[in-house]
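What follows is a pair of complexes built around subunit A, which joins subunit B in one and subunit C in the other.
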Partner chain A sequence: MAIDMSQSTGVGQSGGAGGSTAVKWFARGNIVSATVLGAGGWFFGHWWGNVIAGQYTSVQNSGTNDVSWLLGAIFATVAWFIGLGALNHPIAKLWGGEAPLPEKKEKYSIWEYFSYSTDHKVVGIQYLFAMLMYFFVAGLLALGIRTELLSPTYHIWGPDTYIEIVGEHGTMMMMMMTSVIMGPFGNFLVPLMIGSKKMAFPRLEAVSFWFTVPAFFFLLSALWQGGFQSGWTGYAPLSIQGGVGQDAYLFSFALMAMSMLAASTNMVATIINYRAPGMRWSRLSVLAWGMITTAFTMILSVPVLIDGLYVMGMDRAVQTSMLYGQHGGSPFLWENLFWFFGHPEVYLLALPGFAMTTEILPVFARKPIFAFKTSVAGMIGVATLSFFVWQHHLFNSGMNPDMRPLFMLSTELISIPTGFLYLVGMGTVWRGRLRFNVPMLFMLSVFFNFLWGGITGVYNSDVPVDALIHGSFFVMAHFHFTIMGQLMFAVFGAIYYYTPLFFGIKLSEKLGKIHFWTMFIFFNSTFLPLFIVGWLGQPRRVFEYAARLQTLNQWVSISAYGLGLSLAFFVVTFVWQLVVSRPKSEQNPWDSRGLEWLVGIPVPKDNFEQIPVVLSSPYEYGNPNAGPMADLAPSISSVGSDA
Partner chain B sequence: MSKGARAGLVIVAFAAAIGIILFGVFGYLRTSPPVVSAVPAATQPNTVNVTMQVDGAVGVGPHPTWVGYWIQGANGQYKQTTLFKVPVNTYVHVKLYEYDSGGPIRNPYWGKEIGTAGNVIIVNGQPVSLVNSYAGNGVAHNFDVPGLGVNVALPGVNGNAKNFCNVGPCNPSEAHNLIQFTFYSGKIVHNYRWQCFVPCGLGYLTGNGGPMTSIGYMAGFVQVVK
Partner chain C sequence: MALKTQESGSPAAIARKHGIRIVGIWFVLSLITDLVVWFVWGPHMPPGTMTTSAAGQQFDFKVLTVMSVPVLFMVWVYGVYVIVKFRDRGDHEDGYYVKGNRKSQALWYAATAVLVLSLAGFGTYELVVPAGAGVGEGPSPIWKPANAKHILQVQVIAQQWRFTYRWPQFGGMETTSLVLPVNTEIQFNVTSLDVIHDFWAYQLGVKADANPEVNNVAYTKTQQTGRFVVRCDELCGIWHGAMYNYGNVVSQNAFYQWATSMQAKNASLTKLLPKYSTVYVPNDNVVGGQYFNG
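Take a look at the complex of A and B:
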């Protein structure tokens, strides 16, 4: 395997040419220059779009110019990356120059987290805060939804504002969930776990993160532009007849899709090519396995989403009719393109959650992973089958009825590899010497929550049942259990677990347990009754409902406030401990065998002084004969013997 | 930076975040068109009058090319809104000035007057129980309150009229139809959604975007209160 054995990362932070310090600072790129240039790009593109399309009949009649909005967004994004300095390196190379090496520092400055950094640890932390921002903003929107649903008759929002909030919440959450593990934890941890000094394509890694920032603001801006009535699924013709808020939806989703592609390409290249000597596939951490299966799923499915969004953009901006039936197009085209991405996406949310859970469980069970190969087979099985289930979303959409049994069967089949992952977790904790620290509590709750989501998923996949509950709160409760109940609980557990490595601090167990128990209780109290509400016939995305369902809805809304308070408690205590009290962590506080913990806290800038030689599996807990996982200072002969 | 300074920084940051959230909610998301209250006269406790007008794309407000409803307030001034409040158990007499042109509707059923007193409306002094949208000036819009079982089809004016309204709110010296009808507000306190069911979002696919989905234009609420 190809390994970078050099001492330096060799990754360039592009520098400017001559000139004053201020000019150099601006030319090198940073968030200030990116914002200034991005705003300029927006105004230029918007103006140009008005020049081009201002006289279109459709623009004059509706007063809505999609061309100017989309051109504004495109120019703003390109200018944003120019401002960040993302193009300095390729332009320097085009002119025959070389990218300068990054400045060596012993300690990260706060400024580095706002720059176009090519350090995987900085990118991981950037991702962590960005994804948490997505999550909490979308969570606030969820509270807006639940506030409206306190009463079937008294309205907090107008119906148009309500559907704006629902669409915004769903899209923001779905965009965030795709990257909430691969972004922070994948980028930060994978090089450490495989014994590498860096990711394969550090600039691609930086690009992947910096796509998510304009994506967030463009998406949020939809709220101020009439929103998008189509919700996160963007079905035509709603998506074509919507106002410019729909442009914000499609453009931000496209940016996030490009981020996913960049991140996943980088992840695959890194894990395949940058493993240290001795890091066989059988010694690869489960998290890294989860990352590579997820990344392959993204690489195969995300381009289809980008294609669909492009088609939608063309229909909206230049009046093609690819999704408009009356002019020869077909709304089914969008539904198929979207769900060909959308359903693998659901599993590429679940896979990292299971991978993270399986990674952390053995540390607190003090046992090796039960049936490691079955776990890997489960992930590969889920990833593969996830491409054969998308039409179960179209059971009620007028699809060819003969296709229904096939997709019902394939959807039910996927519960088998998913069951592998579940049972591996159960087997790992079985007869373990369990330590109920906060990360472990979160990981155990993943299995409780996922049980509800998984079992109801089997019912949803059956055509007769789906015909009854399609579009109801039952389905909504199902996917909140599988996504929030599984993935987000795994994420919070991972935050508590990896905070020592990321920030050098160890979060309070007492505060963490308050956070866990309140979140766990209120989460279940919020979403379990929604199965009943859905069963009783309450449809999704509708701001009014039958008066007989008010009590249940009030219960759910009050529980949602409790859940919101629990998450607010986490934010306050997390930020307070991170910035103010800074409780210092000891080295390897969880007594983990993982290679990522062996490098010490804080993690050295280049991760490893020398590329380590991996000697054993990271999960040999309870094995008295197991040596250390890796030799961090190998002699030349030991490198040669294994490679 | 000292611990105290860091703590101060965190507190200021949290306060700023809460401020931004409150501004977003109350400065934007909670804003809505004004609500016009219809109050019964002392001599007629179970009757209120509501005066409305429907304008074409006449260049007012943030969306100058959208059609929209206006409701007359207590001071006689028209407000661009679709929200009005009436008491429970009350007959609502509506006087509606229709200033927009019409055309055929896709579903002729929507041309039937339902839920008004006698299932009729008075158009320029003549009772009408069904508007044939394929004849005359067609149907411009309708006023539908599904929760109260009300469907009122509003005949359009001649689009070629010389004195066609160009700036909203329009006035009775311009081409219009005067439409009057009465409906009952029911015995239940409730916010009843109402909606124009004639797709009139000009420039939007099949006419169903823009004003059709926006409160203050072609959708609103009849707030039935105690």
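Take a look at the complex of A and C:
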């Protein structure tokens, strides 16, 4: 294999001739030139689209020109990447030259976090802040929804604004959740966990992050372009009917899909090829296992989404008719394409959350992971089955009903591998010596929250019961428990757990506990009543509901404000400790055995001076004979001597 | 780090000691809660028993809840027990070193598989036997009511943002309100004139997407009189939230009187409508949602 593991070729020295000084300052690219060029690209594409399509009858009838919007967005994105310096390397190669990766550093200036960085630790931190930005903006939109639902008739927003907010909240959250673990924690931790100096494709890694930025702004821009009425599911023909806000939806979602593809390809290549000697599959951390199963699921499902969005874009811009009837198309095409991506997607949101939980649980239970192979089998099982369940979103849709029993069966089968993860969690805490630090509290709450989501998932899969609750707030509560209750709680736990490694600070336990308990209580108090609300007949995405449901809805809205305050408390305390007080962390504050903690705080610029030799599993807590997980300064003799 | 076991005895004996307590608490709590769910809460569960399909949904929801309760309590009781018993006692020791247990893992696999497969079997039975359980079955339904002779045909036409109803057995008239006779098999033919909507007659236990140019058939049988609400359950644009109306299940005589009088009253309007058909093609060029036969 062509992997050079010698000391001199970490990232930063891949270049031959030249060296980093060869790149002129104006060719290096930064966020300012990217923004300027991006704006120029937008105006050029927009103008050109008007030239091309200004005479279309559809444009003249409706007054909106989707061609010019989409061309503007495409040119803006390409110009944005040129401005970031993404094309310097390929262009230099075409010229027969070399644009080497920039030198890695021990400590970066703030400015470099806004650059097209190829250091996996920088990308991880970029991702962390970007995904939190997505989360908090979309969370504010959720408070907008809950404010409207204080009253059974519309009173704050008009119906059009309300539906825009709903769609914006859903799409932004769904885009963010796909990357909220793989982006920050996958990029930052996987090389450390497998004993590598870098990710396999550092430039691909930079691309994957920088797609998420224009995706965010394009999606947000829909709000002042009339929004999109179709929600995050974008069902045709409604999505064909909408204005240019719908183009913003499909374009930003497609950018995020590109980002997922880039990130997951990189993840698979890294985990397969860049494991240190001795890092057998049985010693691979659960988080890395979660990343590789998730990445495979993404690689297989995301192209279907891109395809569907492309078809939607064509239907809207150049009047093909693939997604609506009358000229040969069918709305069922979009429903199938979308959910063929959409259902694997929701599991690829859940898997990293479980991987993170299983990763952190043994550290605080002081025990090995119980039934390690079962946890891996559970993740692979969930990932595989996730491709065979998508029609359970379409039980009422009017498709051929023959397959309903089959999809009911496959959907219920998926609770077997999901159950494995409970077996692993429950076995791991059995006779442990549980330490209730803040990360542990979050991880335990993951099991509590996901239980509601998992149990109600069985209700959704049962066709007769689904006939009652499909499309109601019951379903909405169900997936908020599985996604927010599971994934986001795991993310916050991981933030508390990994800040020492990421930033060299250890967040206050006291403030963290206040954040945890308020978030946990208000989260459950927000979403548990919504099961009842939906069960009593309130459909999703409505601004008017039955007056008898007002008390419950008001309870939910007030709890949602509490949840918002709890998250605001996190933001304030997190930023305060990060910027102002900076409570310094000791080395390995949680007594973890993991390789990622052995390199020390702060993490050295190349992670490992030498490629380490892995000697045992990261989870040998309580084993009196266990040595350290890896030899960080291996000599030739230590290579063959692993336990 | 030296391993110091907190308890003496073989792992199996320790497991038995704790296990008996956990199972005991779990069993008592689950049994009590299940009895309450089945006998006290169950009969009042939504969506009620106005039709056979609504009653079926109520029954299925009850059965699933009875099966869920022990699962919930298993995790809760176990979790609370572990949190109380297996805490760090301040000595920062490690836990009991164990990486798996063949017996408990096998028991878990078997139990979840049996539970899941029996649920899938139960769900399939409850879907097929009561003629599709009130769910839209598309243009060519495969699960039909046994007594197919006397079925009242009701066409539901959804459009942005209202429902109207056509009655092929009453001269193809179109009404804005939905009145149904009690103790009658009913076939809903659901279609749309523009985007995807969903016909959700909550108390009737009927739900079917309204797709343009597709006929989506759902069956139910009314068994009680009363008022019900119809809501659109698929996002259909700005006024989706306001797309609802109410209907009534009335006695068969009252229904017949209502239908014949409506037919006579609407006769002049019915003539202007396109011929009754299972699907219609919308007319984009006329404001106000006109449609014609495809």
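We take it that the second predicted complex is superposed on the first by the 612 of 643 C-alpha atoms of A that agree within 3 Å, B and C clash if a C-alpha of one lies under 4 Å from a C-alpha of the other, contacts with A are read in each partner's own complex, and residues count from 1 in each chain.
By definition in this document, contacts are C-beta pairs under 8 Å (C-beta built on N, C-alpha and C of every residue); 3 or more make two chains touch, one makes a residue touch a chain.
Fair warning: this is a prediction, and the values are worked out from it, not measured in the lab.
Colleague: First (subunit B), second (subunit C), both or neither: which does A:K93 touch?
Modeller: The answer is neither, since A:K93 touches no partner chain.
Colleague: Would you sort A:T374 into first (subunit B), second (subunit C), both or neither based on which partner it touches?
Modeller: After superposition on chain A, A:T374 lies in contact with subunit C alone.
Colleague: After lining up the shared chain so the two structures overlap, which partner does A:L434 touch, if you call subunit B first and subunit C second: first, second, both or neither?
Modeller: second
Colleague: Contacts for A:V580 in the overlay, against subunit B (first) and subunit C (second): which applies, first, second, both or neither?
Modeller: first
Colleague: Contact-wise, after the overlay, does A:R548 reach subunit B, subunit C, both or neither (first, second, both, neither)?
Modeller: After superposition on chain A, A:R548 lies in contact with neither partner.
Colleague: What is the contact status of A:Y154 with respect to subunit B (first) and subunit C (second): first, second, both, or neither?
Modeller: both
Colleague: On subunit A, which partner's contacts cover more residues, subunit B's or subunit C's?
Modeller: Touching more of subunit A: C.
Colleague: Which partner does A:L140 contact after superposing on A: first (subunit B), second (subunit C), both, neither?
Modeller: In the superposition, A:L140 touches subunit B alone.
Colleague: Just checking: does A:W535 make contact with subunit B only, subunit C only, both, or neither of them? Give me first, second, both or neither.
Modeller: Touch partner of A:W535: subunit C, not subunit B.
Colleague: Could you say whether A:R280 touches subunit B, subunit C, both of them, or neither, answering first, second, both or neither?
Modeller: Touch status of A:R280: no partner.
Colleague: With the touch criterion stated at the top, can you tell me which subunit A residues are shared between the subunit B interface and the subunit C interface?
Modeller: Residues common to the subunit A contacts of subunit C and of subunit B are 154, 159-160, 229, 237, 241, 324, 326, 544, listed in rising order.
Colleague: Could you pull out which subunit B residues touch subunit A in their complex?
Modeller: Contacts found on subunit B: 3, 6-7, 9-10, 13-14, 21, 24-25, 28-30, 32, 57, 63-66, 189-191, 193, 201-206, 208-210, 213-215, 219, 221.
Colleague: Flag every residue of subunit A that touches subunit B in the complex, lowest number first.
Modeller: Touch residues, subunit A against subunit B: 57-64, 140, 144, 153-161, 165, 223-224, 226, 229, 237, 240-243, 324, 326, 544, 572, 575-576, 579-581.
Colleague: Quick one: in the complex, what on subunit A touches subunit C?
Modeller: Counting only subunit A, the residues touching subunit C are 154, 159-160, 162-163, 229-231, 233, 235, 237-238, 241, 324-326, 331-332, 365-374, 395-402, 404-405, 408-409, 412-413, 415-416, 419-420, 422-423, 426-427, 429-436, 444, 447-448, 451, 455, 458-459, 461-468, 470-472, 535-537, 539-546, 591, 621-624.
Colleague: Can you check the complex and tell me which residues of subunit C touch subunit A?
Modeller: 1-3, 6, 14, 46-47, 53, 56-57, 60-61, 64, 68, 71-72, 75, 78-79, 82-83, 86-89, 92-101, 104-105, 108-109, 112-113, 116-117, 119-120, 122-124, 126-128, 130, 132-143, 190, 194-196, 198, 200, 202, 205-209, 211-216, 229, 231-242, 244, 281
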